[in-house]
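Both complexes shown next keep chain A, but they swap its partner, so chain B is in the first and chain C is in the second.
Right after this comes the complex of A and B.
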């Protein structure tokens, strides 16, 4: 193993920090966790010459070393803790050409912590076009640093940057500012109290504690030092910002010339349309529509392919290893279809993140926030919540993952919690069969009752999501004050490399993190449906043959399958919960369907097919056959099971209940705790139960 | 009369004279909402909220309630 060194990438959001990270590490990156919090930790390896490897850490974007969010706090905690194993040997501050002034604020703060720092100026290829000229030598001298001019778009300057990283030991650690000038008396007394510590570091610790709350830190204990009031501290922080800008302006005055006439009007031209009071919304609506189309429609092609591939793979396993008995069954029906049930989500996830990363990279997403903020904030949501809410109509899994882009944790959490209310495509088969069963045909002003019911269910799901967001916004308390300050970045063409890496990374996260939970639960459900206690399950064939009158073998097989399911563990669960679901108008057969739905809602139809012994009937007639069977299903006293009352009750139950283990798994992954998915499971199912109960009791 | 950014109309400019109100997020100060800097109001969302401005070479959107805390002197440009 060669030598290793730690590199930290730090910068404002939207400066192309991640592009630099991708350029340095390529696909040699992995996403991990910071312990205990929901911030992703992106690390990668960059190979330098002579076997030296750099561990590159892509820190969350921040505007300064004063944290106002958990993401930003990660940066400060790392830089204040020399004992951290990721503490950088060298920091790269990434700025883009146009926002150099603002990025230098962060740069000077980090310099003042005496960390060797390289200034990386991205998008240098655009300098001439933007009419910007920089005197690099002068800037390097005044800022006591090395500057790397790179363009991740043109892929230039990366090798030079790597050389600078290698030579990090030669970089001066001289600070930029005499920070004691912020308040001489105060800083002197601070230094006196802690003679061995760096005074600027002490200052950061104090303001950090005041602004953001105590952070976990072994090195420093400032609690015995009497600090100033929060208001005084903030005034000093403002003074710090002013002092830093004075320094920065004095340097840029010499080192940077900007020819304003060259500034292209792309931003104002696009803004005029994209955030126009009318056209802005029309365009956003069209964007949502095409996302919706992609994940609802285009994704079905690869999804069908995955479906049939895994089905034939399961078949192949059965045929190839016929002697395996229960092991073959477990592999074919439990594991292979379980994995198939995970892989099936990949097309939707990939499509959604393709769109989202393009929207983010191009700078459009900030415009969406600008357009939607006023409406969404009333419900405790962010302008960015709309994309997850709309994509939830296809599937809640990618939608929950898409909330990643919402910076405010409370808004993000609320979005995650309410997204599963929107009508996902897995509910559709259930809706269709029940609507066909209980809603009369016929129409009003040319609209059929059945179509209207379906539409009402979609609106209901969306309405419930918004309503519960409103309630949650009032219930949930947050520790941190949040403010709405949104940067409106320049428009730029998305980098293909970044888009692809995002799509791959999201897909990987889903498959490997949520996937294992989904696989485990689907195997449990499969075992429950395939095994049962006692004689009735094990000798189902002889039991059925005794009583059955049918001559056809396929009908007999269907009856055996139905009998087995009835006496399997899942059947027992269905029967056990019957008293519980009776008030909603369901019998134990529906109960089995409800339990099995937990694997995926659409399983409901298939499970009913088995329980009503229509399993092996021809594919096309299947639905019609189940429908007829369901329509004729009666209780012992001759009353029908499926009436308008029980049908509506079932529709409402499916609309509101949390019946999707995959969603629970992804919520667990995104919130890093079981608390929220369990809350979701209990809360949503309770709402579903109550609504279904009221509907049935009222209508029956 | 006391003018704030919230009083600016689309296209108008002003110079910040006071941004010391306690309720202004620090982030906004760090992005350059500091006395002496020029603010240019670029665009408004419906009902004038949020407001889209350019200050200190930064382009940002803030809510009207925050904008009403930043005192300016109108320059009209």
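Right after this comes the complex of A and C.
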């Protein structure tokens, strides 16, 4: 077995760190428990020469080793703990060519921890266009390091970087700054108290403890050291930053020349329009509109194809293995239908993430964050809350975790509580099927009604999140204020490789994480729908024949199947809650979908597909897709179950209800109490019920 | 295929599904309860 070394990728936000990570690891990467924005550690394997492999960690973006937020804390805790299995053999500090000065602050801090450190200067292809020239040899000598000039866009410099990683043992660990100069007396007393420890590491432990409370560390126990007040420590941290910038300025004076006259001004021209206080919002709105229209237009054909294929597959299983009895039914109606209910949404989910990824890659998303900060401040949120709210369109779980970079606890708590209102990918299947059923197919000025409805639901979710935040801001009290700082990266053409990796990663997550839950629940539901207690279920045929007047065998089979379903275990559950949901316009079958959805929303469509497959007669029937089956569903008096009124009511219920056990579990984890997830569950479900009730009663 | 065997197969499949859900929703979500050490942040 080849040898493996640990490589940590560290850098300021928006320096192209993830692009370097993708270039080094390709598709050999795995994201921790929850995918999404880099909050926890993201790992990948990079193959070097002669069988050597590097375990690459993509750590959260941080500006310095003086952490103020939880995701920055992850970086520092790793670098302070030599016993951590991920402790790096070599650190790669990724810097953008244009923001080298600011990035060198972090570089010098990590270098002073005596970890072999390589400076990776990304976007080096833009140097000439930006009028920047670097004296690499001089910089390497002054910083005691090796420098890799890379361009992930042009795919240059990556092989050279791999060679530098492999030869990490030759890199000097000499520090950049004599840290005792920050405060000689204090640092000498610190060294005297812990003669065997590195003084800079001790200093970082003290500042970490001041910011984040005492953390138990076996190796670096500083509890017996009498330290300064927090105010004094802050003053020393500022002094450290000044000393470091003096050092950095002296080096860049010799090693970097910038000729602004050669630089082009496209960025400022675009910024003037895209973050304009009127045009900025208009453009953002138009961008959203185009995205939802495109999702609808492009995904229809593959979705129809998948739907028909799975209906045929279920039919084929029944026809080919008739001897299997109940097991064949389980495969055809439970498993195949369940998988079909997952796969059908792949095209739309892939397109949604394709667009989100393009917006992020191009640098436009940071402008949107800046733009929205103006609005969100008024509602008790910060611009930083927009990142979780946008990543909430994928899944609330990484979004809740992404709130860790919000320093203010109140803003963080409000964001956690309102994030589940944003339309996650699990709601998408429910919306799509209901919209297809109740919203007509016409269009207005080239925009289909269905696409507009979908967009309205996204805006509604977002609007409710903002409104709830406003209410919570009035209820929750705090004395802290925070300030919003956002990095405005340069505009750039999205890197195809990054876009593809994001789309594959997110779609894979939906299929294999949500998909497995959907499949498991589909199987359980099928069993509950196929078995039942008592005589009415077991002798359904004779009961129906006694009362039925129909002559047609197929109609009789349908009636028997429906009677059996009504008296199955699942039918009993649906019937029990029917009085509660009747005022919302739902029948007991929809009720079963709602109950199952409290485990996870995406289960709804699969559940209905399973129920309607069981409910309709098996043999000899025509191939019917999920949509058609639902469209044909009627009450005993012949009126349709899915009308505009019940459809809108259902859409509103799904838009606001808290129907995700995993999100509740993660909110519990992040808030460390059951109080908030329980309040979230009760509050959101009550809002959903009331809105659905009003909508149905008005529209019916 | 006789009825007992069919029932047995279905029971096993359902058991696997229930165990999977239990593991996914309850057991796994209870993991990683590491404190960040900041009493004020509530994590």
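The rule is simple: the second predicted complex is superposed on the first by the 449 of 700 C-alpha atoms of A that agree within 3 Å, B and C clash if a C-alpha of one lies under 4 Å from a C-alpha of the other, contacts with A are read in each partner's own complex, and residues count from 1 in each chain.
Here is the rule we go by: a residue touches a chain if its C-beta (ideal position, glycine included) is under 8 Å from a C-beta of that chain, and two chains touch if they have at least 3 such contacts.
The model shown is predicted, which means the values in this text are computed figures rather than measured ones.
Once chain A of one complex is fitted onto chain A of the other, the partner contacts of A:582 are absent, as it touches neither chain B nor chain C. Once the two complexes are overlaid on the shared chain, A:105 sits against chain B while remaining clear of chain C.
Once the two complexes are overlaid on the shared chain, A:669 sits against chain C while remaining clear of chain B.
Contact with chain B, but none with chain C, is seen for A:234 once the two complexes are overlaid on the shared chain. Contact with neither chain B nor chain C is seen for A:545 once the two complexes are overlaid on the shared chain.
By the touch criterion defined above, A:413 lies against chain C but remains apart from chain B after alignment on the C-alpha atoms of chain A. Taken together, the two structures place residues 211 of chain A in contact with chain B in one case and with chain C in the other. Across the complex, chain A is touched by residues 19-20, 22, 25-32, 34-35, 42-43, 45-47, 49-50, 52, 56-63, 66 of chain B.
The part of chain A that touches chain B in the complex is made up of residues 63-64, 66, 68, 98-99, 101-102, 105, 211, 231, 234-235, 237-238, 241-242, 245, 267-268, 271, 275, 277, 366, 369-371, 373-374, 483-490. The part of chain C that touches chain A in the complex is made up of residues 1, 3, 6-7, 9-10, 13-14, 17-18, 20-21, 24-25, 28-33, 36-43.
Those residues of chain A whose C-beta lies close enough to touch chain C in the complex are 33, 70, 73, 211-215, 323-327, 330, 404, 409, 412-413, 516-517, 519-521, 523-524, 527, 599, 661-662, 665-666, 669-673.
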